[in-house]
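Here the chain labels run A, B, C and D in written order, and each chain numbers its own residues starting at 1.
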Amino acid sequence: MTLKIGVIGTGAIGRDHIRRVTKSLAGAEIIAVTDVNQQAAEAVIKEFKLNATLYKDDVDLIQDSRIEAVFITSWGQAHESSVLKAIEAKKFVFCEKPLATTAEGCMRIVEAEMAYGNPLVQVGFMRRYDSGYKKLKEAIDQNTIGEPLLMHCAHRNANVAERYSTDMAIHDTLIHEIDVLRWLINDDYVSAQVFYPRKTKHALPHLKDPQMVMLETESGVMINVEIFVNCTYGYDIQCEIVGEEGLLRLPDEAHVQVRKGGQIGKEIGMDWQERFAHAYDVEVQDFIDNVLDKGTVSGPTAWDGYIAAVTADACVKAQISGVKETIELAQCPDFYKKEKPAAKVVY
Amino acid sequence: MTLKIGVIGTGAIGRDHIRRVTKSLAGAEIIAVTDVNQQAAEAVIKEFKLNATLYKDDVDLIQDSRIEAVFITSWGQAHESSVLKAIEAKKFVFCEKPLATTAEGCMRIVEAEMAYGNPLVQVGFMRRYDSGYKKLKEAIDQNTIGEPLLMHCAHRNANVAERYSTDMAIHDTLIHEIDVLRWLINDDYVSAQVFYPRKTKHALPHLKDPQMVMLETESGVMINVEIFVNCTYGYDIQCEIVGEEGLLRLPDEAHVQVRKGGQIGKEIGMDWQERFAHAYDVEVQDFIDNVLDKGTVSGPTAWDGYIAAVTADACVKAQISGVKETIELAQCPDFYKKEKPAAKVVY
Amino acid sequence: MTLKIGVIGTGAIGRDHIRRVTKSLAGAEIIAVTDVNQQAAEAVIKEFKLNATLYKDDVDLIQDSRIEAVFITSWGQAHESSVLKAIEAKKFVFCEKPLATTAEGCMRIVEAEMAYGNPLVQVGFMRRYDSGYKKLKEAIDQNTIGEPLLMHCAHRNANVAERYSTDMAIHDTLIHEIDVLRWLINDDYVSAQVFYPRKTKHALPHLKDPQMVMLETESGVMINVEIFVNCTYGYDIQCEIVGEEGLLRLPDEAHVQVRKGGQIGKEIGMDWQERFAHAYDVEVQDFIDNVLDKGTVSGPTAWDGYIAAVTADACVKAQISGVKETIELAQCPDFYKKEKPAAKVVY
Amino acid sequence: MTLKIGVIGTGAIGRDHIRRVTKSLAGAEIIAVTDVNQQAAEAVIKEFKLNATLYKDDVDLIQDSRIEAVFITSWGQAHESSVLKAIEAKKFVFCEKPLATTAEGCMRIVEAEMAYGNPLVQVGFMRRYDSGYKKLKEAIDQNTIGEPLLMHCAHRNANVAERYSTDMAIHDTLIHEIDVLRWLINDDYVSAQVFYPRKTKHALPHLKDPQMVMLETESGVMINVEIFVNCTYGYDIQCEIVGEEGLLRLPDEAHVQVRKGGQIGKEIGMDWQERFAHAYDVEVQDFIDNVLDKGTVSGPTAWDGYIAAVTADACVKAQISGVKETIELAQCPDFYKKEKPAAKVVY
C-alpha cells in the first residue's frame, strides 16, 4: 500500500519534500508534479528518477484520479486556490505555510473543509514534530510546571538575504513561534505588541533587526519573542516556559564537547534546515501514516493556519503602529476543537 | 594597620557585615556599634566578642574620632541622614541600599560628597563583585560580542514573606538589576514599562507576581527583566546579553552533577545570601582595601545610588500607570564620570 | 525501484528491522521471511501487512530469486551459516552482530566474500551511524585534537535480565565499544585486560558487575571502558577521547531542562533502543541506498566483524585469566583496507 | 584576639599564604618569618608591610614565645625537621605537602604528635576545602549514590616546566588525588598500578606523559586517575564517582557562556592557583578559626600525611615495576580515628 502524491511547486521546499518522500520515508510515492517553471519540475523528476507525470498546472494535477494526496509547496500567493481545488476534489492536502496569505483566505479553506465534513488539510508547521518541542508539550500537559505564566523565546538566524524585509520577521520567522507556542500551552493569543531595540550594524538599512514581539494569551500568559535574523553566530532557537511550579527550557542540540585552547565548546548549527531536518521527516511520515492507515490527517489544521494568519496580521499591524494590537479570532468551530489534555500532577 | 569601623544598624545585614569583617576579612575591626534596639546591638557585640563601644545613636558614633569608616545598615529611611552626618565628619561610608529613599535625598548626598571634594561613599550593590557578573562585564568591555542590543534577565525567589508588596518588586528586588545592568553595558536608562503576566497562585492576594519590567537605555538597548518572587523552585538569577556579534549568559552556579533515577540533575540554591555570599565578601574587602591602601573608595558611588533611586521611582510609577515612563536623570557631574573602557576587538 | 529483502529471524531485532523498512524507510520491501518459529514469522507478516512469502528456512528463502538482500537477524549461532549461503547465492547481506560466534567463522565469511570479489556483507554495528559518534569521528579525522592518546568510556544499563552472564558483558555489551572505538581512531587493538571493582548489590550472584576493561591499541592509545549493567539510573553511554591538543566528549542526549523543587534536571533515557533508534534508521537506510544506488555495501565489513570476534575472545580470556591478554589479528587483506583520512589541521 | 603566626619558607607558596593571612583572612597576623634566602624573606616583609621579625632559621623562629602557630612552607626536604621542632615547642603547625618526604618521617611526626597528646598539625591538602569536592563528600556521606564502586578522575595541566620529572607526576600531581579521593569515600588504598599510554609529543624526552594510575581500596573501589601534565588546553580536574544507585561528577567551574561564530563556549582556566584560590582561603581561615576558637586543628592530619606518603611511594614503585604494588599501611591509631558519617538514605 503506497500513498500516491502529487506535488504542486517544485522549488526549494517542494524539491526537499520530494527527496524526503522518495529517499527517506516509507509508504508514499510521488506520481505527479507541476510547477510554473516546467523545466524546474522536469529537472526534479530526473534528479530523483521519479515515475511521475508532469502536469501543466494544479488544476490538471488535482484531477489525476490516482492521486490521493497533494503537497502544496508553491509560493504563498497560490496556496489558497490550490487547497480549495484539492478539497473540492476530496484529496488530502499537505500545505506549506502559509495556508493562505489572508485570514479570509484561511477562513474560506476552513469552511470548505467543514463543508466536506472530514479533515483533509495539514499545515506544514514542522516544529510540533521536533523532539524538543514535543517533550516541552508533554511536560506541560503532564502538569510538570503547573500553569504557564510567561514564555521567553528567541528566534535567531545567522543572517538573511537582502530581500528579507521587516514584515518578513513576522510572516517568515515569527510564524513558527506563533503556531508552536499556543500549541505548547493550549491557549490563544489576545494581543500583540512589537518593540524595536537598538539595531545591529549587520542589518541592511531597510530592515529593522532585532525586534521584540510581546504576545498575550487568553489566560494571561505573557510571551516575549526576540527575532534577530542577523545575529551572526548561528541559528539559535530558544524557548523557556515559566510556570507556577517550575521552568522548562528547550534543549540546545546535542553536539560533541571539545576542550581545547582554554575553551570548553560545542558547535551551534548555522542552518535551520539541519536544525529541523528530523522534524520535517517525522512530520511528513506522520501525514503519510495518518492518511494511509486511518484515512485522516492529524497535526496542524486549517484552523491553526487561520489563527496563524490572524495573529501574524496583528503583529504586522503592531510593527507599524507601535502600540498593542488586539487579536480577534472567530469562535473555534466544534469541528476543530481538540480536547485539552487532562492535566495530571507529576513531580 | 587596621581600619576602624563603626556600624549603624545591627539588624540582619548589619550583623552579617560585622560577622564578615570580624571572621572572614582582613584589615578591619568593628570598634563601635549602634542600633535603635540597643539590646540587639549589645547581643551582637557579645556574639562576636567585639571590643566595641555601644553608642546610643548615629550622631554619637560618628563623632568617635577613632572611627575611620562607617557602615550604614539601618533601615532605609534612616540612611540619608546618617550618610550626610558621616560625610560632614569626613568619614568613609559603606551604605547598604538604598542610599536614600528619594532621588532628592540621594542628590543631597551627591552634593555633600562633591562639596567635600573626594570620594567617601560606597553603596552596597554587591552584584558588581560577583564573579559571574564581573566576567560578563569583562567580556563586554573587551568587545567580545560587539555592541549590546538586548538583555534578557530574570530575578526569581522561591518565595517571599507576607509583608512583601508589589512595589517591593522594584525597591527590593529589581534594584539589583537596575544597578548592575547599566554598569555591565556602560549605559543609562531612558524609560521603564511594567507588564503583569498571569499571576501565580502562590502569590498572596495583595501581590502582583510575576512582573515583567522593560527598560530602555540611551543607546537603545532593550532590557526585559522578569521578577518572580514566588517561583517556588529556587533562587535563580539569569542574565543574557545579546550583542551584534554574539551572546553572553551569566553562568548558573557550579554544583555537583548527579545521575540517578532516570535524571541528570544538579542543585539550584534556595537562598540569595548563599548565592552572593562570596560577592559580599569581595565587596567589603574591596572597601576596606581601598580605604586603607589608597584613602579612597571604589565601587558603586553616590551617583550610582542616585540613578538607582530615579530609575526605581520611574518603575514604580510605571507599575501604577501601565504605560512607558520616562527616566530623566540630572547631568552626571565630572566628579563621578568614569572613563568608558577602550573597546578592543577580541574574537 | 525497490530493494527486495528477505528476513531470516523474526525475533525482537528482526521484527524491529521489518517495522523500520516497512514503516520508516524509503526504497525497500520485505518480500520474504523465515524463522525457526514459523508462527512468530506469520504473526509479523500480519502485523505489518507484508506482502511476503513465509519460508520454512534460510536455504529456501535465499533461493528466492526475487530477493536481492538478506537480513540475518536469527540467533547468533545461526549467523555464519546463513551469511555463507547468502554469499554463495550472491545476495547482499545485512547481518546483525555477531557476524559469527567464532573468529574462525568470521574468517570463513571474509574468505567467501573475497572469493566472490565484491563487498556483499554489512555487519549491524549501528553506533557508527549515531550522530554523536559520527561527529566524534569527524573531529578526530579533521585532527581537531591531534593524535588520540587515551579514551575513557562507559557503557551502563539500568539493569539486565537474569540470564545475563559475566561473559555477555563482552559479547553483548562491550562488543559495541569494540567496534566503534577502533573505527573512531583508525586503529587496532593489541591487548585487553579486565578488572573487577567492588560488585554492586544489584547484580545477581552469578554476575560480575561492574567490570572495567582496558584495551591498548597499536599506536599505544589506552582505552578504559566501564561496563556496568545494573547501574539503576539509566542507559548511559559515555565516550571521551583525550588527544595531544584537546579532548572530545560524546554528548548526552538533548533533553528538556526542568527547574523545579531546588533542582535543575533533565531526563536520561532508560532504553538503549530509544537511545540509538535514529542510528538504526540511518544504518539500514544507508544499506538500502548503497545497494540500490551503487550496487555495493558500505559500513562495517566482514573484516570488522572478524576483528570484533577476535577482540571479544581476548576479552573473555582476560576476564578469566585476570592478566593482560594479547590480541593477535590476521593481516588485513587489501580487499578490506580503507584509506586513512588525510588529517588536516583544524583549530 | 589575633593568632600570631611565624612562617618558615617565603617562596611562592609561603609568600602566597602570607598575602592570604594579611590581605584576605580574618584573625591572624604574621609576626615572624624565616627563609634560607634571607633577602627573599625581607622582601616579603616589605611587600606586605609586615610588622614581623626576620629570623635566621626555623629553630630561632619556633622559639619566639609570642608565636602560636607555624606555617611550614619551605622545600619538602626541610618539612619533617621543622614540624618536629614545632611540636616539641607545642606550637600549632600548618604544613604544606609533603608532611615529610618519607613514610618513616611522617610516622615520626605522628608519634611526636601522639606523644604530645593533642592535635597540633594540619597538612595543606586544600582540595578538601574546595566547594565542589565538599559537595561530593556531602552527597556520598548522605548516601546519595549508595556504596561507591568506581572512580574516574583526571588531573590535567596545560604544561609543566622542564624540571618536572616522571615521578613528580606522583609526588606533585597525583598527591592531591591520593589525599582527597580516600577522604571522599572514607576508605584506604590497598594497591596501585601505573600504565603508560601513548606519549604526547608535547612532553620532553625525559618525561612520561600522560600516565594512568589505578588504585584499589579496601572495600574494592577501583579508581583510575589520568595524569596528563602537558594537555595544552587548560587546567582541568575531573572526578566522577560511580555508586550502586547513581553517579556524582565534580562540576566544571562556572564561567560565562559565550555564543559566537558558530560555537557555544566557556572558558576553562589555565591556572591551578586560580582554580583552587578560594579553597586555599577557606583552608587557612579554617586553620586560624580552629586554633583561635577551639584550641585545636581540624582538616588533614599527620596521619593523612603519612598515608599520602606511603601511597605515593607505592605509586612510584609501580611506575618503575609496571606491576600492581601493594600498599601496606600501619594500623590507624585511635588518636586519628574519625567516626564514619552515619549514612542516611537520601533520594
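Here is the rule we go by: a contact is a pair of C-beta atoms (placed from the backbone, for glycine too) under 8 Å apart; a residue touches a chain by one contact, two chains touch by 3 or more.
As the structure is a prediction and not an experimental result, all values here were calculated from the model.
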Name the chain pair with more contacting C-beta pairs, choosing from B-C and C-D.
C-D
Name whichever of B-C, A-C or B-D reuses the A-D interface, so over half of the contact pairs are the same residue numbers.
B-C
Can you give the whole-Å distance between the Cα centres of subunit B and subunit D?
37
Whole-Å gap separating subunit C and subunit D, where each centre is the average of the chain's CA atoms
44
Rounded Å distance between subunit B and subunit C, as computed from the means of their C-alpha atoms:
58
Two or more other chains in contact with one residue: find those residues in subunit C.
232-233, 236, 245-247, 252, 255, 259-261, 266
Is the way these chains touch best called a line, a ring, a star, complete, or other?
complete
Residue ranges of subunit A in contact with subunit C within the complex:
1, 21-27, 49, 131-132, 135-136, 139, 144-145, 245-261, 266, 278, 285, 289, 347
How about subunit C: which of its residues touch subunit B in the complex?
232-234, 236, 252, 255, 259-270
Touching residues of subunit C toward subunit D in the complex: what are they?
146-150, 152, 154, 195-202, 210, 212, 214, 219-222, 224, 226, 228, 231-233, 236, 242, 244-247
